[in-house]
Amino acid sequence: MRLSTRNQLAGTVTAINVGSVMTTVKVDVSGQEVTAAVTKEAVEELGLTVGSKVVALVKSTEVMLGVED
Amino acid sequence: MRLSTRNQLAGTVTAINVGSVMTTVKVDVSGQEVTAAVTKEAVEELGLTVGSKVVALVKSTEVMLGVED
Amino acid sequence: MRLSTRNQLAGTVTAINVGSVMTTVKVDVSGQEVTAAVTKEAVEELGLTVGSKVVALVKSTEVMLGVED
Amino acid sequence: MRLSTRNQLAGTVTAINVGSVMTTVKVDVSGQEVTAAVTKEAVEELGLTVGSKVVALVKSTEVMLGVED
Amino acid sequence: MRLSTRNQLAGTVTAINVGSVMTTVKVDVSGQEVTAAVTKEAVEELGLTVGSKVVALVKSTEVMLGVED
Amino acid sequence: MRLSTRNQLAGTVTAINVGSVMTTVKVDVSGQEVTAAVTKEAVEELGLTVGSKVVALVKSTEVMLGVED
């Protein structure tokens, strides 16, 4: 499926922290760590484990910008 | 300011597309392109130009995951 | 690509309102209208026109619930 | 209350999965399943149970679009 | 309509900046300024003008926290 | 760090509800209550406790508007 989502960052799962309903998944993206908070259901459905190849997807309207002082 | 925001990706602005109210900003993050859609007002206030060093900030609950078929 | 995104609603584009940077796209989903605000760039890249078959994707953390009084 | 929220999808709760802080609620919307991840507090306050009539609310900037290959 | 949305901040519109598709609306909330970026369509539909009494609605999963250094 | 985030609301933590992965934090902002749902990890990292001075940060595209009937 092609997506309108502008940000599609390829990476590898490095950690999964399973919660009662939500789960955080850490992804190494070119040496920078990206954290996704998705439903536990989704993680199970996608069969994610440490080492899984994933794409971290972020809609552009969800990206803020900071400038160091 | 230290932030709860899990995703703080350092990069460099590569393009700015100014709209009437919103503006898209492209950022090179370790070789991958991140697009932010923020208000025109914010871009002006931060004084962003191509080449500006920025941090792309994304709350973990805004990150989805995809697995290629 | 299989997605963590819980909400994947199949529908047909019924209207496209192109802005300077953002664009709204109306989608008929089983008789209910869904509006997406995405970047103009994305709409062009996906080649969307009225009548296009699309999937409206919404992360579960972005869905609120209301109860009529 | 009238809302700026473009997407207001009427439906019926089909499942509720209560977590420690978050809760997922499945809603049947014209035959398609919508999942909301909201706070446990909100579900209790709204008194939601399976069979409750609800409106699934999604801001247009949170809707992405996909096109099947 | 009662909402799952945890944040419902009463205020008064102080400025409206109309764009081609999106519009920013500034709201005075107990002396602090809140900015909403919503569709132009929504602003027209709600009949908002400077001085309008509104409620600024934010899902809890969209709120980040910062701590000054 | 200066931020593109339009909404930066100063307040004081009044309650913290720790979950397995997510945590809700209540903040008093000029007499109005703001609830943030952030990761448990972030709350620990920021060392938040009841009484902590924080800034509640919300991107403008995440703010909806309601008008009472």
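Residue numbering begins at 1 within each chain, and the chains themselves are lettered A, B, C, D, E and F in the order written.
Keep this in mind: contacts are C-beta pairs under 8 Å (C-beta built on N, C-alpha and C of every residue); 3 or more make two chains touch, one makes a residue touch a chain.
In this text the structure is predicted, and so the values were computed from the model without any measurement.
Looking at subunit A and subunit E, the chains that touch each of them are B, C, D, F. Subunit C maps onto subunit F through a rotation of 180°, based on Cα atoms and reported in steps of 5.
In terms of residue-numbered contacts, C-D and E-F present the same interface, as over half of their contact pairs agree; the other options in E-F, A-D or B-F do not. For the pair subunit D and subunit E, the distance between C-alpha centroids works out to 21 Å.
Here the spacing of subunit B and subunit D, counted between their Cα centres, is 28 Å.
The geometric centre of subunit A is 16 Å away from that of subunit B, both derived from CA atoms. Shared interface positions of subunit E, i.e. residues touching 2 or more other chains, are given as 1-6, 19-22, 24, 35-39, 41-42, 46, 55, 57, 59-62, 64-68. Interfaces, counted as pairs of touching chains, are A-B, A-C, A-D, A-F, B-C, B-E, B-F, C-D, C-E, D-E, D-F, E-F.
Residues of subunit B that touch subunit A in their complex: 5-10, 24-25, 27, 29-32, 34-38, 42, 46-48, 52-68. Of all residues in subunit A, only 1-5, 19-22, 39, 41, 59, 61 touch subunit D in the complex they form. Those residues of subunit F lying in contact with subunit D across their complex are 17-24, 35, 37, 61-62, 64-69. Within the complex formed with subunit B, the residues of subunit F that make contact are 1-6, 36-39, 41-43, 45-46, 55, 57, 59-61.
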